[in-house]
Structures are given as C-alpha cells and as structure tokens.
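Here come two complexes built around chain A, the first alongside chain B, the second alongside chain C.
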Partner chain A sequence: MSKDAAAKPDKPAPEDRRIGVFICHCGGNISDYVDVNAVREALADEPGVVVSETTVFACSDGTQHDMIDAIRAEKLDGLVVASCSPKLHQVTFRNVASRADLNPYTYTQVNVREQASWAHPHDKAGATEKVIGLVRAGVAKSRLSDPLQALRVQTLPRTLVIGGGIAGLRAAIGLAEIGIEAILVERSDHLGGWVGGFGAMFPNDDSGRDQVASLVEQITQRRDITVYTNAEVTGKAGSFGNYEMEVTLHREGSDKTLQVDVGAIIVATGFDSYDPASGEYGYGMDGVVTLPQFKELVDSSAAGELSYQGRPVRSLAYIYCVGSRQRGGNEHCSKYCCTSAIHTSLLVNNLDPAIRQFHVYRDVRAYGKYELLYNESREGGSTYLKFDADTPPEVAKLDSGALGVTVTDLLTQSQEVTLPVDLVVLVTGMVPRENTSLVELLKVPVGTDGFFNEIHPKLRPVETVVDGLLIAGCCQSPRTVGESVSAGLAAVAQSAALLKKGYADLDPLVARIDPDKCISSGECLTVCPYGSITSIEWDGRMAASIDPATCKGCGGCVPVCGSDAIELLGYTDEQMLAAIEEMVITEVPDKEPVA
Partner chain B sequence: MATMVDLNLITDLQKFGAPDVNACYSCGNCTAICPLADNDATFPRRFIRLAQVGLTDELVTSKELWTCYQCGMCTSRCPQEADPAEFMATARRFAIAKLDKTGIARALSTKPVLGSVIVIAAMLFFALFFASVREQETRARLAFFDFIPYHWIHLVGLILMGVVALFAVINLVFMIRGIAKRDQVSAKSLFGSKAAWGRTFRALWYSIGVESLGQKRFREDCADDEPAEPLYRRRWLIHFLTLWGFIGLFVATTLNYVLDMAGVKPTGTAVPLWYPIRLLGTVAGLALMYGVSWFMINRRQQVSSAAKHSSPADWLFLWLLMLTGLTGFVIEVALYLPGPQIWAYWVFLVHVAIAMELVLFLPFTKFAHVMYRPVSLFFYGLAKDEHRELQPV
Partner chain C sequence: MSAAAFEGSPRILVFSTINISDPGIDLAGSRHLEYPATVQTLAVPCSSGLKPSWLIHALDSGFDGVFVASDGEECSFLPDCAERTAQIITQAQEIMSERGIPAQRLKMAALCSVCAEPFANYMREFSATLKKLATELSVV
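Moving on, here comes the complex of A and B:
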C-alpha cells in the first residue's frame, strides 16, 4: 500500500488540483428537475476545477470516451461525476479513470438523482442549489484525495472444503482438476452425506450410493485431495489467500489437531431433513413415516414386496409441504420434495403397480423437466388431491385398523374425503443444519431463515461478504442434487478466479491506525465485526493495528476512537470536513411555497 | 362428514371397460364444451374426478350420469385423450350393475362366459317352459294361441312385470335417495305445498314428456355443429323411432288384451292388415326394427364416438330388441302368406321366449336406462325450475 506520508510531497495543493466535473442529465431524469447548466456554471469557477461539463448520459460509451479524452488532454488529477447512486455506477467511472491512467480513488461520485432530482421534483430552484452544494462537496473530497493503491496479497493455491456430501465431493474433484489442492473435512465417519444413503434418485434413476462411490473412488486415486473424516474445523486465523485453519481429528481415545493453510474455503455443510413434531400429521403413529424413511424402505424392497413392519402396503398417502411453506418458521419452499415424492411414487409403481397412491398436496412444484415425472406418476395411477393451507389434512386411526387421511379436496368441489391407507408418508422439507460453532468461527453470514447468505443471488451466487469464503449446496438454500453440484462447481470456478493468479488485489478503502496517536484504549478492538483489529507492540508500548487484508472499510471503528487515531482511507476526516464545509457555505435560496 | 374413499373403484370400473381415467388432469375442457352440461348438471370432468378419487356412491347415484346422451364432443376436445364420453357410458354400465343387488347385471357386463350362460339359460328356460305348456298346432290356419294358450303368456308376462317392477323400485329408491340428498330435495319440497306440487308436475312433464318422449335436448342440443351421421341414421332419430316403435308395440299388445277382456275381440281372431291395432303393431314393429338396425350398423361401422366402443352389454340389448322385432315380423308375414305356414308356430315360440327375456332383463341390461333416465331428468328438471324462479326472465 502506498504510504500517505510518501505520497504527500508529490501532492499538489488542493486549489492547484486539476479536477474534471461532469454533470449528467440522465436523459431528463436529472435535467428536467435541476438546472444542470447553472450547476455547470457554478462549478466552473471552483478552485481546482478545470473542466465543468454537462452530458446527456454520462454512463454511455461515447461519453466515457469523451471523459477519457478530457482526462488526458487536460491532465486531470481528479474526477467528479454528478449522476446517480454510487451503487449503480461508481465502479463504471472508477474504471473510466483507470483507463485514462488516472488513479481510480481520486474519483468521487455525487448522487444528484436519487438525492435531488427525484426527491424534489416540484422545486427546481431548490434542487439546483442542493445539487450545487452536493457537487461542491464532492469536488472538495476529490481535491483532498490520495492516489491509493490496491493492496496486493499472495494467495495459496489450496482450498478447504467443509462437508463431504455430494456438493463437497464434486467440488473437491473440480478443484483438483483445475489445479488447486483440495482439503476435504467431513464431520461424520463417512463420505457421501444424504445422497450416499439413497438408491435410485430423480431425474434419471441413478443410484445415489453409486454416484457417491464413484466420486469417492476418484478422490482416493488423486494425490491432490486430502480427506479427513471424523474431523471438524475448529480454528481460523489469517486472511483471504492465507487462511490458517485448525482441523480437529476425532480419533479413538484422543483428539488430534492439525493446521492447514489454505487460500479459500468452500462451505458445503448441507441440510437437515425436517423432523416433524410428535402428532404433526399423525407423526409418531404406527405407519406414519417421513419421506427419507420411506425412501429407505422403497430402496430396500424387492418387486412386489413393499411392506412396513411386516405388514404389506397396499395403499399409501403422501402429505406434501410438511416442514415447508409454514407460517412462522420454515416459510421457504424446500424445492426438491415434490419431485422426490413423485419420483418415489414411480419407484413404488415399479415395485407393484397395484399399490394405490394418493398425493395430498398444496401445489405441485415439479418444475422444469420434472413436470414429466409428475405426468408419468399421474398417468401411472397416482391420484392427486389438493388442499388449502387453511384446511390441512388430518391423520387418524380408523376402526378398520388402517390410517385415515381426511382432506378437503379442492379438485372435488372441496369435498371432505377420507383416504383409508396402510401408510402415510410425510413429504418433509429441508431445514438449515445446526452448525453454530462453525458459523461463529467462520463468520458465515446467516439469513433470517437460517440458511447461509450469498452476496447476490444472481450475480455472485457462491461468494459471501467474507473474502475467500464460498458457499455451495443446501447449506445456502434447499435445492436438488444437480443444483447442489452446480453450486459446488461454481464455487470451484470462483476459487480459481481468486487463487489461480497467485495474488489478489484488495480494495484499499480500509481503516488505518496512526500508532503514534493510539493510546491503546482498546475501544476499537471490540467493535470490529470482522476481527481485523489486534493489539500489537509499537515503540515499546501497546497499540491497535488493523489488518488491511480483512478490513472491509465499514468505518465502524472510526467514531469510537477517543483520540482520533483512526482514518478511513478515501473518506478521511479532512475530506469529510471539507465536504461538509462546502455544503454549509452554499447559499440556500428562500423556499418558494410548493404549489 | 367426510366420505370414505373406495380404493377399488378404478380397478372395478376398468372391468366395465373404462378408458384410462388417469390420463385426465382435470382441466375441464370437456365440461366447458358439453352442450348439455350447465350449472344444474356439471359433467363429465366431475365424474372422472369421482372415479379417480374413489367416490363410488356419488358416481352411481347421480342424475348427471343420465343427463348425458354421449354426443362425443368432450372426447373430441379432450387434450389428454381420456375419452370422457366413453367414460360416462362405462359409468352408466357400472351404475346399472352397482344398483342391481342380484349381481346379474355385473355378470352380463364383466363376465362373458357366465353372462352368456345366463342369457342362453334364461332363453332356454322360457322356450322349454312354453314348449311344455303348448297344445295343438292347428293345421287349417295359423292359430298361435291354440299352440301356446294365451293365458299362459299373460300369466308369465304379468309375473315378469311384477318381478321387474320390484327390482326397479328397489334400485330406484337407492338412486333417488342419493340424488335427493345431494340436491337437497325432500318429500316436503316435492309435495309440501301447492307451489311444490306445481314444481313437481312441471319437472315430471319435462322429464317424461319433453325429454323422454319428445327427446328435445337429444334432438336439438346434443350434437356437434356437423353431426357425423346423415339424418336418416342420426342417433336421436333412430332412438326416437326405436322408442316410439316399442311404445307402439306395447300399446297394441295392451289394446289386444283390453279388447279381449271386454269381449270385443278375443285374442287370436284373424284380422285384416288394415285393422287399426294390427296396423299400429305393424308400423311400430317396422319403426323399432329400423331404429335397432341402424344402431347395430352404426356400432359395426363405429361411425361416431358413441358407437366406437361396443361392450357385450351394448350388443345384448340390441340383439334382444332385434330378435324380438324380427321374429314378430316373421310371424306376421307368415299369417298373410298363402296356406298355413306350420313352421311359424316354432318361430312364435322363440318370439315369446325372447320377448319374455327382454322384459325380465330390463333391470340388468342397458334397457335399465328407461327407468334411470326419466328419474334423473326429473331431478334435473327440478333443479332447472328452482333456478328459473331465482332468475325471472
């Protein structure tokens, strides 16, 4: 990182800076409510401003090129664009600066659309004055900006995979294939997770056991994958690119710990199957089972011999959405279960087509190609009865000894019918797996639903806000095997993107402590949500220090420091005070009453 | 109160030749396109659903089953090729068997060997019985009632009608209870007041007069815009002729009996062809045979969806009608041929035996529709009447 002190002698005085200001019309979104020419004129005379222009669309390709030309021609050393929210285009214009060989951190985005034109559509004069103030403040910030340099860290070409289910296993192989060493840690004593326990699975009837066995076989043949079963991740130190992880091996008699150094971590810890409460749809009654229990029964039954506890099963009812789409907890759809139940009913059909099967459902969400399985089961004799969430089915013992599932069927004029069946299968959903210690250790972001959170569901689906910490599979949300494996491989690709260069550039907008000012009060140590601040020895005394590799630049530590020893680079006290000063001196016109 | 589902309904229906009801995904195209389905009678979708779920009683004791004349539009529009029209026909066969507690109807529909044995045994029984009571074959002229004394025929006929009436009452009570409960019709709502009597009579007139004898909806509504058959063999027309032919023959027979009782014309008196009762019988017999012949040809050629699938039960009813009509016609021809045609005595014996079987099998064969359809249409008429009062025109 560049040293501020070293940069300062080269830095021109604020009024001698050469700053370009571009005011965007946003095609009328701004210019219809703000007098952009007045803003341009007001800014033209500001000290340090050498270019002040308006533009119809600042983000358009043409204008970006014009900006680059202007930066080069006028030898600009600062850039301000007054346009939309920085969430939209801050990166765009930082890149414009970079392409013109201007340090991107001398760029300031001023939001005059969401914060002025859209907020004050009935007060053009007021909005215009506000924009002038905001842009002046932005200019003041850019005037005091330093040409910060990204922090470059070396990265280890090794990834830790936590969880040996299908997603973790496939991810480990993917990592090895792409040239990244994989270390797989599995809590239980065997690999394979849920899938490893199942026989034929949808959509193509491949056996889960066989698929897992083939993955395990591949893994054992590779030297670049290390597997630890009966093992847990118990410690974490270091930062992205150089994590130092502690793995505890539970061995007979004693535990052994070892340290593994990795560049990134893929969390693929999976899910728990919903465990119905006693009495929930008759759970606990003889003959009421969950879908995984029933699947095991079907997998182990020979053709023509489906029986439960020694009694032949001639009829059965599946009750859908148990533990999913519930009010006040488990509100999510577990996504896999409709198709899984349907597929299981097809397996039952293969065992004995005369077995009468009823599907008591809320909505059949056999999406995409799985719709065909639904058709197949329906045409194979499965009867579907739809209930409303307000009138859930009830399970009770009948006098005949059979189980009675009473349902108000919306497809039969909302008639209440009782299905006398031998077996009731509760189609249980996926719930987040209890993993508190791991979550606390890794600081995995957890959603209100208990599943792990990605940064962006579409654009950054396997990354978390913790650098180098990736998530995959059902720990993130309920999904099918195929989707879990896809996510595992996406995490592999993202691992490669992070680690394969051998280094990574980190955002330099981080907090920094001036150890000379620090009085070691310890206030900042407790507020940092990322654990980036530690106490170190400095000049024979203790002082706080921030690890720039793990600091996210949130600024939480800045205000708690009683001795003003902490600065947030890019948002220094000096910059922020100057910006505020500019806004204060801007004249505010008398308010015209709003018509 | 929840209805207990019958797990075996689908497999049972399949024995009666039900098409693949599982193909149906409850879209309701069939009900939407049906020219006869309306708010007072919704089918066929609902009935396929009853079969899928297993609600036997509702399927069997329903007026809608008999409101359908099987035009086949539903089948032609079904996106799943579930053949709703054929399903309704099967369900009617099923209902006849289910309402019949003797098991004879079920055997006739589902057990070809046993069914054939029953049909042939009954025919032989009647033939042997009448052969055993026969007296002399008058050689001078054909005197059928000297051959088989007409009091035997009357006696057996009356006993059979009594037996059939008994069965009909039992079966109809089951059916009527089911429909009345679902349609919320009570004795009070039928006969409780003057207005109630009015409604009841209007529904009766609609059922018997307008629909059963007049075939109004069968004639006017129950057809595609482009019927498959030309007019002379269109289903409503051949049914109309069959029905009225049968009624004509029944009236002629009854009149003969009445005139005999009154002593005007003893049964067996030779009469010319233009004698009114003889003329009525002749014309009615021809109408019946015309209708039945086309029914058989249509089925043989599978001209429409209604004639596409023919079960043994369909053929049995047609053949009984056909043979009764044909033997009757041959006897009549023999009467007017020169010289006594002695062989006609034995044709007469066969004629009487088959006619007796036709009557006896009424509750067990497709013939049973003559009791179930009017009752269903009566309830349909009641429902329509009620809604007409709700919506003044």
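Moving on, here comes the complex of A and C:
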C-alpha cells in the first residue's frame, strides 16, 4: 500500500494514529479459552496503538464510561473492541465512540467469542494466536479508517402502502394508529385481495369478507388514510425519507397521475394462486377444480345443496401439493394449503356430512394448532391416502362417467386404489405474483424463487436492502392470513422506527469512485441493480459517479472496475490488504501473563 | 506452501458476508462446533464485492488456503450474486494458474445464516485437503 495514499489530509498517517484496544473477558466466555493478557501484550506494541486493556464485560455501563474516559484522556482517534459478534454490540460501541466525540466509523469490532473462544474451547494456544491476528487486523482497519459522516436525511411521516389485501389494509390502519399517515394504492377496483373473496376461513371460521369489511369500515372513518383503487405506482424519484412517488389513477378510459411524497414504502402485493397446466392432474376436465374455485363453490352453497354445474356432489377427492414442492420450479411448500383444504372439508361436512371426502396427500403439514383441524376432519369421516412424490396420483374419466383418482396408497402397503368421485379438488399453492414493472421501479430485491427478499429472514424480516422499502405478506413468501397480518404490523413498527424521529442517519459505508482513476470504460454503469452509478462530466471529461443516498454498500461494483477506481468505504483496498497481512502471525508472544 | 509448514493445521482465511454467511459461522461457534483454530475470518458485505487480488494477496501473505463463504442464492443485495462470485473465483484461479499456485488452495461454497455444521465440516475438509496437498508437493 502506498503511504502517500494513506496519508490523506483529513486523517493522520497510519503510524501516527492513536488507537485504543479493549479485549473483553465476557465473564469467562472468552478469557477461559483465550489468554486475553497475552493478546493485550501483543497488541500494545502494534503501531498506532496507545491503549491496550482487558475488561471483564466491555458492554457494561461502567466499562463504556471507562472507554469514553480513555478516548478523551488519550485523545484516541480510533477504537477497537475485541468481544462478541458485531451483530450484538457493533452499534453499542459505535455509540460509545460517538458519546466521546470520536467518529463512530473509526471503530472496529472484532469477533473473538463466536468465532474464536467458543469455536476452539480445547485449543487455548491456537485460539489465542488466532485472536491476536484477528485483533491486529481490526487495528489495521481502524488505523486506515476515514472519519466518515453518516448521511442525515429528513424524513416525512407518511408511508405508501402498495396493495390493498389483508396485510396492506391492516398495515394502513396500524400506521395511522401510530401517527404515520398512510397512502394506500390498490391496482384492482376493490379492496380486500384474496381474503375479501372468501367466506369462513381457518382457524376460527371467521368470514374473510366480514373481516375485510370491518377493516375497510375503519379506514373510511380515518382522515389519516387515503385510499386509491384502480391505481398503480408508476414513478419514483427521491430517496429514503423523501420519496416522490407517481401514482396513476385509471379512471373511465383516461388516466390521471398525481404525486405523493412519502418517507417509506410498504409493498404488500400478495400472491397468485398456482394455475395448473392443462391436463395436470386432469385439470381442464369437467369436474376438476382448484382449491380457490372450490372454496368459492362451498362458500356459496346452502346446507345439503353442494352441487357443481347443476350436478350434486356426493363424493370428492382433494389432491395435495399441486404447484408446490415441485422440482425445477415452485420448490417451496406453500404452507397454508394443507390446512385450508382440511378446513374446507370441514365446511363440506357442515353442508352435508354424507359427502365422502378423500384427501390424497404427500405430507400433511397442518402445523401447530391446525393439527386439531386435521384430527377433526378424520373424526368427521375424511379418508386420507398418502402418495409418494415419484408416483403421483392420476385423474381420468371412468366408464361410469365419474372421475377416477388412481393413487398408490403408502398407508395400505402401497396398494393401487381408484377412487370414483364427482369432483376433484387440486390443492394449489401460492406462486409469486407477476410484478415486473413494480420490481423494476422500486428495485425490490427478488429471490430466485420469485418472491421478494428481506435482509435477514429472522432478524430483519420485513426490511429490504433498499432503505425505507419494506415488504409484508405473501409477496415475500407463502403464509397464512395471521402471518401476513403480523408481517404487515412488523412493517408498521419498522416504518415508525424509520420515520418517527423526523430524520434518519444513513450508513456512509458506500462505494465511491476516484474520478482521477476512472477511465470512463463504462464497465460499472450496468452492474448496479439499484441504478446508483451514473456517468457525469468531470474535469472536462466523462467519469462514473455513485449516488451515496441510493448505494446499498454491497461492493458488487468494486471488482468490476478494471482500473481499480471504485472502493467500498470501510473495505478499501488498503484496509483489506493490511487486515490480511496483519492476520498472519506465527506465534504467541512469549510473555508472562499479567494478573 | 510445504508440509513442514503444517506442524498444526493449515492456515485458512475465510471471506464471509455480514448478513448471510458470517451469522452461520457465528452459529458454529455458539454451538461449539469445533474446527481448526488456524481458520480466520474476514467479513465483507457481499461476496460479489471481493477483488481477486485480495484472494491472491492472502495466499501470498502466508495463508495456505482461502475459502469464500458466499451468499449464494440468499444474497439480499444482488440476484446474480452466485454468478458474480463464481466469476471472481474464476479470475483468481486464472491468476493462480499463471503463477503455478494449485487451484485447490482456493475454494468457494455458499453458506447460509444457519449453516453451522456445514461450515465446521467445510473447514475440517478443506484443512485436510490442504494438508494432503502440502504432503504431495513436498514429495514432488
């Protein structure tokens, strides 16, 4: 690395840095397996390190105050804490730095618990050597760090909800209740989505139509929710905190556009039901219907009068996992459909308990308390037959005119059984809804399965990598109504976390281009799916430029540049190369541990 | 790289990703799934942002092997992350080939945020591969 390059005017030369290193015992979680005193001694001699200390609990209030005192007393310009995973305390120690007026981006957290002491409990010498290398690498990163400033943006207390299904409706009400104005845009001419079209639904037989009507009634009573039906989001400008969205209203042959300014966006565009191919399990034959079609039939039937196309239905077979768990596409389990089919069969029982019902399934995934519905259906007379994925059932017309479902039943020693039935119900799963224009407009991250991608499925389940763009409901993955509503409310909470302060600080660890190095090859211009890289005029010529407000900090553009003109802040060439070099240490310093 | 260098285990540098594979490596530690202490980890936001020169620099600096724990299909940034990372590995391998560095010293695998056991297994296997490679090279 070049010393000249490192010695930028806004930060001292690496060897002149004043870095504080704190090595945590974590009770004994680290110090029982790592010689933390040896680590402290090794780090004390590192260039630029002026404080090297161990601490019993680095995250305790007392130690945080001690760190602040040390930062001030020693005039530290860099901080390294060797403790647990950054997922737990990176923010904690960045805040410690900020409270001591030290730039938080000169802080580096080194994970020596999950990735050292806990992983090598029987190799103290090896773990200690490893930790010394890891902490030296952390020091190298802090030594070469820039004092970056978070990008502060003012945020509007208004959220756009795209999709007027159950998740979007409940989210809009939740937003209003928490003090954030909601703008709801629905593509169709009515609200409610799939749920709004159904009668009794599991688990408690509440009508979907009634639940949606209740939500719509609440919305009409509120002045802080604006609803546009027959409307689509057609334009986006601005960035997190201040999105300028164009909404097109489709009105009697002519379109009208309007602009809505919002701080955040919740996408709740729902799913499509799998549409079987012609001939798939007999689909297309008279009497073969999908589960949503059958549900509509059941919902509209009176007791004792279940009929299809004018013919009474006295027997029927449900074929499970149609459009789900398929190799080469739709490999996911749609999760809701087993329970929905079982619940529908209970509704059929209520209409006429004499109707014979056969459930032809691969696995019954009526999880949690839905298991009780499964038991109830068996007790109510439903018959279950299990097939293997390699020998799926076949549907054909019998000579009698009835439909025949032939299945090799694993529960009866793999006997082949043909069930003569009046109706075949294909228990179809959920598939991603076609939303190409919206995806391109909002840059919604899409997974390989076609559903929208969150940042982390457990820890950040409704956030996307696009700041202020949240996802909820079945556009993200198949789920039940309850789970969709929960996700909608999680998006409300996250929306409040982003907008209620009135401002937000964006992480400055984004990519930047050195225009002097850029030869305007154009290699980087097409690689950013977020459209953050553009070409600008620079010093009388064209050069690439990155918008820090829209850059997601992935670094995907960095290796693309043939002239090394792009760097990701926090992970610069200098920092990465130095960290790699510092990790390689051959032995633990031969020093007596200090008590 | 020689067998003599491996009095213990080969030194391995793992490039992990902050949101996906690094939590998987954390989980391996949380579950006390042991792997050689000569494995060290350096996290980046996304494996598509790794420069081939960093991988080569690690091998030049004293690491016996480099393992890229990529985001694979779970990447929250880039839908084509797996292809991009594979391209970076290919470029690094081309440089390694030109310089006579055995291709076995660089390995990539997608690692999810709960892939604790696969990670520990990968490290044990990669370590064994590198040891075997060093032995073969010393015989040659």
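Criterion: the second predicted complex is superposed on the first by the 385 of 595 C-alpha atoms of A that agree within 3 Å, B and C clash if a C-alpha of one lies under 4 Å from a C-alpha of the other, contacts with A are read in each partner's own complex, and residues count from 1 in each chain.
Rule of thumb we're sticking to: a residue touches a chain if its C-beta (ideal position, glycine included) is under 8 Å from a C-beta of that chain, and two chains touch if they have at least 3 such contacts.
Values in this document were obtained by computation on a predicted structure and should not be read as measured data.
Trainee: Could you say whether A:L419 touches chain B, chain C, both of them, or neither, answering first, second, both or neither?
Mentor: A:L419 contacts chain B only, not chain C.
Trainee: Quick check on the superposed pair: does A:T448 touch chain B, chain C, both, or neither? Answer first, second, both or neither.
Mentor: Only chain C; A:T448 stays clear of chain B.
Trainee: Have a look at where A:V584 lands relative to chain B and chain C in the superposition and call it first, second, both or neither.
Mentor: So A:V584 only meets chain C here.
Trainee: Under the stated touch criterion, name the partner, chain B or chain C, that contacts more residues in chain A.
Mentor: C
Trainee: Looking at the overlay, does A:N111 come into contact with chain B only (first), chain C only (second), both, or neither?
Mentor: The second partner, chain C, only.
Trainee: Go through the superposed model and pick first if A:G235 touches only chain B, second if only chain C, both, or neither.
Mentor: Neither: A:G235 stays clear of chain B and chain C.
Trainee: Answer with first, second, both or neither: which of chain B and chain C does A:G401 touch in the superposed model?
Mentor: Touch partners of A:G401: none, neither chain B nor chain C.
Trainee: Does the superposition put A:E129 against chain B (first), chain C (second), both, or neither?
Mentor: Second partner only, chain C.
Trainee: With the two structures laid over each other on chain A, which partner does A:G28 touch: chain B (first), chain C (second), both, or neither?
Mentor: A:G28: touches no partner chain.
Trainee: Spell out the part of chain A that touches chain C in their complex, as residue ranges.
Mentor: Checking each residue of chain A against chain C gives 85-87, 111, 113-123, 126-127, 129-130, 133-134, 137, 445-448, 453-458, 464-465, 509, 529, 552-559, 568, 571, 573, 576-577, 579-581, 583-584.
Trainee: Give every residue of chain B touching chain A within the complex, in rising order.
Mentor: It is residues 1-5, 7, 10-11, 20, 22-23, 25-26, 46, 49-50, 52-55 of chain B that touch chain A.
Trainee: Help me check something: in the complex, which residues belonging to chain C touch chain A?
Mentor: 8, 11, 13, 18-19, 22-23, 25-30, 32-46, 48-54, 57-58, 61-63, 73-74, 76-79, 81, 84, 88, 91, 113
Trainee: Sort out for me which residues of chain A touch chain B in the complex.
Mentor: Listed in rising order, the residues of chain A that touch chain B are 314-315, 354, 356, 375, 378-383, 385, 406, 409, 411-413, 415-420.
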